[in-house]
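Two complexes are shown next, each including chain A; its partner changes from chain B in the first to chain C in the second.
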Partner chain A sequence: MTRPEAGPAALASSGRTASGRLNPLTGLVLAGSGAVACLAWASWGTWAAVLAAALVVAAKARILRRVVAAASVVVVPFAVWALVIHGLFFPEGRTVLVVVGPARVTSEGLAYAGAIILRTASLVVVMLAFSLWVRVPTLRAALVRRGVPAQLGYVLASALGLAAAVGERLRRIREAQEARGLVVRKGPGGRILAARLQVVPLVLQLVDEAGERAAALEARGNALPGRRSSYVDEPDSQLQRVLRWTLACVCAVVVASVVVPAVAGVLAGAAR
Partner chain B sequence: MSHSLTVEAPRRSPLRTTLTALGAVAVVATYAFLIVSQPADVANGPTAASALVALTGFGIAMVLLFAGILPTLPTTTLALIPVALVLNIVLGQFVGSTLVPIYLDSIGTVLVGFLAGSAAGAATGLLSTLVWSFFNPTVLPFAAGAAAIGALAGLAARFGVVRRFYLVPIAGVVTGFVAAAISAPIAVIVFGGTATGATGAVIALFRAAGQNLVQSVTTGAFTSDLPDKLVTFSVAAALAYALPRRSTQRFEFVRRHRVLAGPKQAAAGRPDGEAAPAA
Partner chain C sequence: MLAAHVRRFAYDDGAAPLLHDIRLEIVPGSLTAVLGASGSGKSMLAKVLAGWAVAGGHGRLQGTLELARDGRREHLDFRGSPDDPRLRLGAWGQHVAYVPQRAADLLTGAAATVGEELAFGLEQRGTPRAEMLAQVDSAARVMGLGGLLEREPGQLSGGEQRRTAIACAIVGRPAVVLLDEPTASLDAEGAASLSRLVGALRAAGTAVVVFTATADALARGASRWLLLEGGTAAVDGTPAEAEASAAFAASGVLREEAAVAAWRPGPVRAPEGPAPLAELDRVTFAYDGARATRGGTVNSGRPVLDEASLAVFPGEVVALTGPNGAGKSTSLRHLAGLLRPDRGQVRIDGRDILDDPAGRVAGTVGTLFQEPKDQLFERTALREVAFGLSGRSPGSLRLSRDEARRRASEALEAVGLPGRADTHPYELPVSEQRLLALATVLARQPRVLLLDEPTVGLDRFGLARLEAAVRRAAESGAAVVLSTHALAWARRQAHRGLVLTRGRFEAA
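Coming up: the complex of A and B.
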């Protein structure tokens, strides 16, 4: 229902950030723990604490500015629409603050919008801090070493690389079409025609390349089962391994403590 | 593409089929939970249980579907998936920034479904959401809907809908109905019924008219998803026909089920991965 406007260019440069000595899976577990905390303990204090912690970690990793910029692209439109939908129109609200035409601002609506905005902002900042910090090749190597299908790593790395380059390709196609006389006319018809003249060559080019890449991958034994060797160095330590497992177990217990009673309650209600 | 020096890729096995089926069951069970439990507490602010159950259930489903489907995909399909993800993201970003109540963020997923079948379409939907969440984590809870779109596109192609172009918009509307039905409760539970752009305006309109949150979000989802999938399916089918035959006939699914209209291929029914001669 919500659609992104953040671009992949920011992520493409994440490979250049210093990931330090932290294992990408440790970062993933830390981000996952933050997300679980936001969802399991529904309170303003938890959301604010997780948001603050994520911003502090991003500042330590020297990616604060990029995290804030990327998160703003997602959170600001979300916050505006949350305030419009729930702040102005909240029929369940009882404490009316202002009435302007059909709009009825209530304190309950504002509180609801605020809670949703803060929780979403916390989740978005935690996850963006991870995705902008992590080096995708290291993450891919770490996942494949632990038995995740190599296909997942290939698709992840290939898509992120392609997403960063496709903007430049679209620009080249547009310039070529303009050289052939493309003029974007006003109105939806003109825009659709211009979009078709750019998108169709892009799709044809990408699909054709995918066919060639498939032949190259096949020739290199991509479809074969078995373990893959990786030359990518993966920083790790005993302390990090202990931290990862501890956090993962704690998260599993927390999730189970919330999910199991909820599901049991629904099942009991259905049985009655 | 296979030759005598390589070993065949792992194919479907009872274990992988079971994992895929369990993934589908997890999606259905999670969805059923959300439908049964949602009306009680949505307007009282974000709660712990519903959102966590939704994300846990769909997360387990995603892992099971990945484990069941990914290792069985032929390399031809695997190489196409990143292209589909990029198309989803590029077109979705473009349309998402306008005030048109459609997304066009699943054209790549539908195209893969048409060319490579339901399993590949579902995997593309899941992977697309996963990769996209690196830029925008708010799309992650909608992974189940994206998988359903890809799976239904593959199913439509399997039954000859793309061969009869006039049926494509109908298949799009049916898929839009399913996608809206899946995404509406997630939007309510995880994002409190907040949507941006034109869908948000539709929700605000119905809230102003006094409808409750679930009704408004569901109406907004249907208003957006039905026309969106109609356009998406039509555009994806047009793109599939615009591709050169040597590209489309690389896919065993296209050859075996004669997905695209045109003369019958002599290579129909060949073993997977073996390319048909270029037209």
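Coming up: the complex of A and C.
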């Protein structure tokens, strides 16, 4: 063998150790706490703090550009919609800034639109930052270690990778058709137009592959009973465990403090 | 260790048996070769022994499978009835590991790295992590995958995927390893690793069975040959006995070719003669690390092609060689217009094709892909070959329907599949899928013919069809570029060879 070999020691510091030193469940609880805070407290300060924290974490994990790009796809159209609806037409608005025909731009309308945009942006960025940061194999290992069935872990991992796998297969079928004279126009429009010719072969290939893969997975022990172990390292510490439980309890209390009075109010209203 | 008696095996009750009257006894530390032409039943027998064809009630087996391991003996007697014993594939697979002909079928498709893929089976069995890391490293090292453990499996080249699949099979230290066409698309280093691996496995008491259409060096190391013909044992004996038999001489099993010293003499070209038909002119290309691609290798940002130049003239056959992942497929995809160079020019018939869609390039260039299944997408073999020959779409050859049908039938005839016109491409054996894919290329009568690993899995008859097609194309003035690891074969077929090393072509 002439290739350089990587021994266990070399690998211990690379991909096997997953996303840094943070446990994926700690990441999940942090993201969940951010979301709960955004939903429970209607305060600009809370939303801005959660958004800022998520962006800082994304920057540290070197995924800031991807998070911002993905979040923009959701937040920008939503922001445009909110500004049009609430910025121009806000019946409760008293402080009129500009009047254009039937539209009245009020400071209360702008403030309301700004609030829901900021709140939505915080929620979207927090969830996207988590999903782009987390390494699926590590999350799967963490879940399986805590009693989630291994098959469910496999389904989770393959579902998260499904879009990429289908995209790759579509590309191969399209290339085979191009090699036999299918002219695909440049840009996504041309690809979507060409995709109609690839749908049937795609489905047939996926079905065929699923049959073979089912046997391969079973032969490799996917359906065996018993405990699983994990190849990828799951970084964890006492501090993280304490943080996870504390945050989870606080979140539960916060949710209860919001939900219980709300439900009580609804029930009391119904009784009257 | 493993004993099998297949009295009869079929997928449907009423159908003709796919296998019948085969006996096989495999002892610890042995190497057995199951030889046979395309469609002889090799892969089917491998799937029966591996349990894949028996578990889940898909096939009907009449016969016995017996596995002795750790002092315990598991005897399964099948009568082809619903009351038959159940083969638990998870437990069986722990002792009898199988690498299918399409190696990628063994992979989970859900692992993010090669290391995780190798570890999958160990994870399912709850192997402690420290032990698992050691076993993964050992399997990776023996298959030359040490440097690829962090790579995404979908980004591996065909040969690298096969090495990965073999490593997945041996990582759990099974008692029996079944390898279907294991040397297909492996480079010299991969084949040498495989030979060493088989030696090491046998020394440790593991039994190895190879299923192959080629009596190659690996098969010659076997103590026993079983020659299959029409789904049953035609000859069963030592390699010398089997090779001397009339059945072997008449079979489609390939004999490994003797080394050939010189390339085939090329067409005489006057200095001012014709311009090249296919040209790479100082092409540089690197894969985007984020994109999953097969047939090309991502190498930490290093270009796969680095100012690579290549010119192929009319009537010329040029063979590209080089290790797995060197960039052979990548070069061919550039000539087909499927990849665009980062720098440099790709010229077909003197024209820069940078702005031409691949569908238009296909008017001149025909491509046989490395994995034939990627190329087959129609309902019948005839429809498959006729795709793009008629019709009014921009890249169609615009033949009349009758003419398209005639061309498609002729192409099927040329590759020896006239009787398969109405068969679904996926129902063909892998080697016939490759020939069908070749027919789809030949039907377009391209002036530039690109063949990516065309010999893989072909038996003697299939190879003769391929050779005839290559010669006919060259004689009619086409430029043929083929990538292959079969060096002796390449020397007999090609006029010159080029080795791809560090992103550039050098004369072989």
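One rule holds for everything that comes next: the second predicted complex is superposed on the first by the 195 of 272 C-alpha atoms of A that agree within 3 Å, B and C clash if a C-alpha of one lies under 4 Å from a C-alpha of the other, contacts with A are read in each partner's own complex, and residues count from 1 in each chain.
Heads up, the rule we're going with is that a residue touches a chain if its C-beta (ideal position, glycine included) is under 8 Å from a C-beta of that chain, and two chains touch if they have at least 3 such contacts.
Keep in mind that this is a model prediction, so the values were computed, not measured.
Participant: Considering only the touch criterion stated at the top, classify A:L217 as touching first (chain B), second (chain C), both, or neither.
Facilitator: The answer is both, since A:L217 touches chain B and chain C.
Participant: If we overlay the two complexes on their shared chain A, which of chain B and chain C does A:I63 touch? Say first, second, both or neither.
Facilitator: neither
Participant: Using the superposition on chain A described above, determine whether A:A37 touches chain B (first), chain C (second), both, or neither.
Facilitator: A:A37 sits against neither chain B nor chain C.
Participant: Quick one: classify A:A129 as touching chain B (first), chain C (second), both or neither.
Facilitator: A:A129 sits against neither chain B nor chain C.
Participant: Would you mind checking which one, chain B or chain C, touches more residues on chain A?
Facilitator: Here the partner covering more residues of chain A is B.
Participant: With the two complexes superposed on chain A, say which partner A:P149 touches: chain B (first), chain C (second), both, or neither.
Facilitator: After superposition on chain A, A:P149 lies in contact with chain B alone.
Participant: Is A:V266 touching the first partner chain B, the second partner chain C, both, or neither of them?
Facilitator: Only chain B; A:V266 stays clear of chain C.
Participant: By the touch definition at the top of the document, which applies to A:Y231: first (chain B), second (chain C), both, or neither?
Facilitator: second
Participant: Where does A:W81 make contact in the superposed view: on chain B (first), on chain C (second), on both, or on neither?
Facilitator: Only chain B is touched by A:W81; chain C is not.
Participant: Is A:A54 contacted by the first partner chain B, the second partner chain C, both or neither?
Facilitator: After superposing on A, A:A54 lies clear of both chain B and chain C.
Participant: If I apply the document's touch criterion, which positions on chain A are contacted by chain B in one structure and by chain C in the other?
Facilitator: 1-8, 11, 154, 158, 200, 204, 208-209, 213-215, 217-218, 221-224
Participant: Enumerate the contact residues on chain B facing chain A in the complex.
Facilitator: Interface residues on the chain B side: 1-2, 6-10, 33, 36-37, 43, 45-53, 55-56, 66-67, 70-71, 73-76, 78-83, 85-87, 89-97, 103, 105, 111, 127, 130-140, 142, 183-184, 186-187, 191-197, 199-200, 203-204, 207-208, 210-212, 217, 220-221, 224, 239, 242-244, 246-247, 250, 273.
Participant: For chain A, which residues count as touching chain B in their complex?
Facilitator: Per the touch definition, chain A meets chain B at residues 1-8, 10-11, 36, 39-42, 70, 74, 77-78, 80-82, 84-86, 88-92, 102-103, 111-113, 115-116, 119-120, 123-124, 127-128, 131, 149, 151-152, 154-156, 158-160, 162-163, 166-167, 170, 195, 199-200, 203-204, 206-211, 213-215, 217-218, 221-225, 255, 258-259, 261-263, 265-266, 269-270.
Participant: Using the touch definition from the top, list the residues of chain A that touch chain C in their complex.
Facilitator: Spelled out, the residues of chain A in touch with chain C are 1-8, 11, 14-16, 135-137, 150, 154, 157-158, 161, 164-165, 168, 172-173, 175-186, 198, 200-201, 204-205, 208-209, 212-224, 226-233.
Participant: If you look only at chain C, which of its residues touch chain A in the complex?
Facilitator: Within the complex, chain C touches chain A at residues 50-52, 55-56, 89-94, 97-98, 100, 102, 105-113, 115-116, 119-129, 132-134, 136-137, 141, 144, 146-147, 149-150, 154, 168, 189, 193, 292, 294, 336-338, 357-360, 362-363, 365-367, 369, 373-378, 387-388, 393-397, 426, 440, 444.
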